[in-house]
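There are structures below to look over.
The following pair of complexes shares a single chain, subunit A, combined with subunit B in the former and subunit C in the latter.
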Partner chain A sequence: MATKHKGRAIGIDLGTTYSCVAAWEEQNGRAEIIVNDQGNRTTPSFVAFTDQRLIGDAAKNQAASNPSNTIFDAKRLIGRKYKDPAIECDLKLWPFKVVSGADDKPMIKVNYKGKEKCLAAEEISSMILSKMKEIAEAYLDFSLKNAVITVPAYFNDSQRKATKDAGVIAGLNVMRIINEPTAAALAYGLQKRANCSEKRNVFIFDLGGGTFDVSLVTIEDGVFEVKATAGDTHLGGEDFDNRMVRHFVQEFKRKNRVDISGDPRALRRLRNGCEKAKRILSHANDTTIEIDALFQGIDFRFSITRARFEDLNRDLFEKCMEISQNCLDDAKMEKREVHDVVLVGGSSRIPKVQSLLEKFFQRYNLCKSINPDEAVAYGAAIQAAMLSESYSIVPNMVLVDVTPLSLGIATHGDLMGVVIPRNTAIPVKMDGVFQTIEDHQPTASFPVYEGERTKAGENNLLGLFHLSGLPRVPRGHPMNVIFELDYDGILKVCAVDETTGNKNGITITNEKGRLSSAEIKRMIEEAAFFKEEDKKFKKMVKAKNALDDYIYRMEKAMKGFDVSSKLSPSEKETIMSKFRKGKRMLESEEHNEAAVFENYLKRLQKMCQPIVINKVRDYSDEDTD
Partner chain B sequence: FNWRHGSEKAYEFSTESESSCSGSVPDRLALGLNSSGPLKLEDVKNAYRACALKWHPDRHQGSSKAIAEEKFKRCSAAYQSLCDKLVMD
Partner chain C sequence: EPLLETSDQILAIADVLLVSDSTTPDDTPQWYQILQVDVSHSQDLHVIRSNYRRLALLLHPDKNRFPFAHHAFALVSDAWTVLSDPAQKLAYDSGLNRVQGNVSGSVQQEKLPVRRGSDSSLG
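Here is the complex of A and B:
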């Protein structure tokens, strides 16, 4: 990619529970959050399958009536293995079915139009991304291709690449994958520090729906330098909801001696209630969750206090503070050196989280003045504008991000030999010298890992390559290994035997578990199929409405005496029976082709043609009276 | 290949990266600093920020992008090694 990207660009915050899209507005010198078709500034990251496909608000609204086909939390699955211990617990809680596919890739089973379909997490995410794209296109009034998508800073290589794949399936040109807290820092810099010239050490605390990230960013002279980042890719609002759900399932069992944990519909309704209660508890001290006839006709009515909620999640909140401390340690910065603590993500509104953070930093002025739900998309839009050539007025800023996880090679005894330590500024090129451990060793293999564990096998394997043709020399023969990481997170590793000049290496792009280009192609076709089906469905609804409308109007007109005088009773009866047949057609589920309804409408129109001219006039006269 | 010998992880790890003590002057020059004389941490940081604004690949397009990327990598490495050194002193 030698040139800047042509065409306007958007920033998308693809969240676990909610997503948000923003675009740079040149004339105002700021980014604009784009509202969706429901008038909401964030869109639920939900996709549902019925006789049609629903995305966003529409999908979430029907979740309780269709729990097994309403997919959410795809971000928790993306780029992970089915056996990943992090999702083991989720698998039990999700009302939809997840099975293990090829290469232990988790596949989501849905029922679409009566047929079973297996979808990868990338496909679900791509549907959400294409929805966000549509929202932006409707608002901006032109078609878009370029986007910057955000991911949690602590996402690993496979999760990032899977997110990028999702963008490709959605028909987007993903200009860059950037870290959520870094994006928030950009938003903060632009909104709060117009010139960004004075030095500020900013601590970004991003507790979202599914993930938790912290970053320490130094802003000076328009340079945003990420000093350190830390996080947990499985800690967020959803986990707090889960704790509440578990608590209430037990309470309900204790009180009514029934177990609702096997009923997905009841669990979904309870979960929705808990999410609402959690939000209320951020400003009230207690609240009551009431759900009529939750299970076997028994009403659910329990109250919960803020203290109880905090108690249920105490360990999770404390974990956030631990991670914050790790981040400061990595940045080699004292708490008092931090100028601003910026809260991002919906869950950062929880009073307990704020008070713990205040205690942690020994200060009472957390920065709450940027919108925690929108800051990430806002920042992504700024970065998108900076990477696109279509904007002439963009902020004079530059972002220097870091790699969140150490990169290295497994050495003798499965030890992790780190070449690029975590929190190194990217792009970067670093090298390390490795030695053979056997006499006359002809070949050396280089398994490339990512992660913080000392035991390489416990880290994430990115790829493997060999260097052969080593000279017949005793052990201890040196080989130089060069790691190159570009700003897109693409890693090139190459090993050189300095004595012979032999060289071999890999570009890590397509490791196991990632979608192959053939699969991506198939998914793009599938996405087009879904889009076509959505269009068909829309067309059918439109045709149905048109027919319904016509029958209604004509029936009303037939009742007018003027028409009766022009038609014989038998003629009238024929027409009326045709109308009845039309109504039956509309009510039955048998037909789902728009053409059936359109043709019937045409037939009716033809039949009524001789009398229609008068009638319509009469009808409209009536109307204007 | 002789796979018996070419087994996995058949080597040892010795040094983490290039020794930084050799490259103080080139590091200084990479950041546009004086090649000798006293050096303050603040100067190094300022120089690095100036380099970032000038050479970060995001701020370049066309053929200069690749050159900028190389330059920026060099600046980052120099910045890292100079900072490490100044902190240790």
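Here is the complex of A and C:
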């Protein structure tokens, strides 16, 4: 894209479990991680629904008491089908309800203000993105629109586009979607290799909360060239937690003969305990998880050693090493040619992962000097600054990324005919010649797929188009198919019959399973609705507090001095009864509109003012603001 | 120097596009010329790499806002893809050395059959 974006821009790392936001600081020549309203540098990717909507820390903190309406892991659902085998296991573990919607799209069922609502993963992600936007706006003190959002390098086309949609719903102008390990490489290059001009091959090992990515990046003189990338979009800290949870559910069953697997609240509490234990095991050799009255009043108390934890996840750790080897193979690089191994993502702190990696590379100097939780957002902020015209001082660097998955056309017998192989630098334009399989075939269809399977049907279908008006000739008539991939990974495919000049093609933008523009519009409206509701809720809480406060102070005032000179006992009783009614109103859940409380407060003030005007003026003055 | 960089950016686009426009007898792409590598240095990977880097920094559309930067960068990127890969470079070099034969493009795929349009088992 040759257009620069107006206005300042932020970089958002939208993670499976935690998200992080950063902005480029021109005057310091570096990006700044922005702290949230709780003072934390990362924000849990949680959204909860009660009689209000909570996002981030507030949502995670109440997860145990409201498990079925606390949504997390939306990144595992985004851009996938309900039937996707990758999420089959998750569906059983999640305490919230996911159902299959139109086009087999997974929809999350929540109860908001007593009403059932179905939300798409894009909507949950958009809520998290809008929270990150708010955090940045509060810190930078101006309103923002432009953002660079990161995705796992191994995300496919539909997952990327769904993430972009989430940004649009959140009211962001998504300047670009970049890969997480690539963003981490930018951060590493700027922070650690800024004044190094010789060539370095950097291996980025990014093991996060839900996804695993590795990339081999060559850095030289400010040119960041991704050589190869590989990964697994469903491998991360959450999976390690799941293994622990499953293990303890069984242990608990064996010891107490009760099964907690049907109790979402108990599972949530156990999961929180496991996540904490996992972190402790990164520095301690063993730890004990204690949860009082986990299930039917039975206390939970089990210890776990680091060795046991490693054993539970052995195959997952080994998978990481296999994927690392694949990435090196694709880059045609030997282990010894790698100069730096950079650890990114919270789960890269696990000692076993580090020791396996040390063994794999036969070296003991893994780079831990960049913050694994923040590097991705940092890199995204650098890219955001490069794409925005509001910054005059930006690092002189360019990024050349690759496509993680092969792109091609399904040919006869459902074979995948690859046109752009994986790990090709983007942007790119490549062509392949395909031919008809029957005599006098009038039209040919071109189903466009991405993926590595030989059987096209097992890959991800991106779209389908036809080329008609073929000449009546025997089979084997050639047609040229051109694939064009731009910086955002948007694919254009067209087919040309060179004998007749006939041409047809598609831009893969809005395909099945993806949100239509009408749906996006509806979701934007709904996001506005949620925002309005949040505002209303805040207003109501404020009004309730004001009324409560007034009644409390007036009651005290009535007791504290002699009002008999101004009030007859019956008048006093009327006022006191009004106070009691006010208290009942505050306690009942009946009213949820701010106006009800505001009006009642006004009535009380009017009633009391002439009587106690001298004595408690200062009180009532405060209240009427 | 912002001014100098601007003119360098425009000149780089012009240089690359001029090379790609000039025709060769057999339509072989001129990858060395696009990367501004003299033929005498065609085996010097260091020269090829540093020229690629210089051009990438000048032409990458994230930095170069002029029209056709996109196109020029794509050409540079293609040239680098071929010349940085030993196998592809060898194939390209031997194609250059061969006397004007009927050499086809460097990465042409073999012909693959396409499914019929009426096939109902699609997607």
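Here is the rule we go by: the second predicted complex is superposed on the first by the 603 of 625 C-alpha atoms of A that agree within 3 Å, B and C clash if a C-alpha of one lies under 4 Å from a C-alpha of the other, contacts with A are read in each partner's own complex, and residues count from 1 in each chain.
One rule holds in what follows: contacts are C-beta pairs under 8 Å (C-beta built on N, C-alpha and C of every residue); 3 or more make two chains touch, one makes a residue touch a chain.
Keep in mind that what you see is a predicted model, and the values were worked out from it rather than measured.
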Fit or clash between subunit C and subunit B when superposed on subunit A: clash
Partner chain(s) touched by A:H440 [first = subunit B, second = subunit C, both, neither]: first
Touching partner for A:D329 - first (subunit B), second (subunit C), both, neither: neither
Contacts of A:D292 with subunit B and subunit C, given as first, second, both or neither: neither
Contacts of A:E532 with subunit B and subunit C, given as first, second, both or neither: neither
First (subunit B), second (subunit C), both or neither touched by A:M430: both
Subunit B versus subunit C as contact partner of A:G417, first or second or both or neither: both
Partner chain(s) touched by A:E452 [first = subunit B, second = subunit C, both, neither]: neither
Contacts of A:M479 with subunit B and subunit C, given as first, second, both or neither: both
Touching partner for A:M386 - first (subunit B), second (subunit C), both, neither: both
Residues of subunit A at both interfaces, subunit B in one complex, subunit C in the other: 2, 4, 220-223, 386-387, 396, 398-400, 409-412, 414-415, 417, 419, 424-425, 427-438, 441-445, 447, 466, 468, 476, 478-479, 487
Contact footprint of subunit C on subunit A as seen in their complex: 1-2, 4, 199, 220-223, 386-387, 396-400, 409-412, 414-415, 417, 419, 424-425, 427-438, 441-447, 457, 461, 464, 466, 468, 475-476, 478-479, 487
Complex contact set, residues of subunit B against subunit A: 1-3, 5-18, 45-46, 49-50, 52-53, 56-59, 61-63, 65-66, 69, 72-73, 76-77, 79-80
Contacting residues of subunit A [partner subunit B, same complex]: 2-4, 220-223, 225, 386-387, 389, 396, 398-400, 409-415, 417-419, 424-425, 427-438, 440-445, 447, 456, 466, 468, 476, 478-479, 486-487
Residue ranges of subunit C touching subunit A (in the complex, touch as defined): 49-50, 52-53, 56-57, 60-67, 69-70, 73-74, 77-78, 80-81, 107-109, 111-119, 121-123
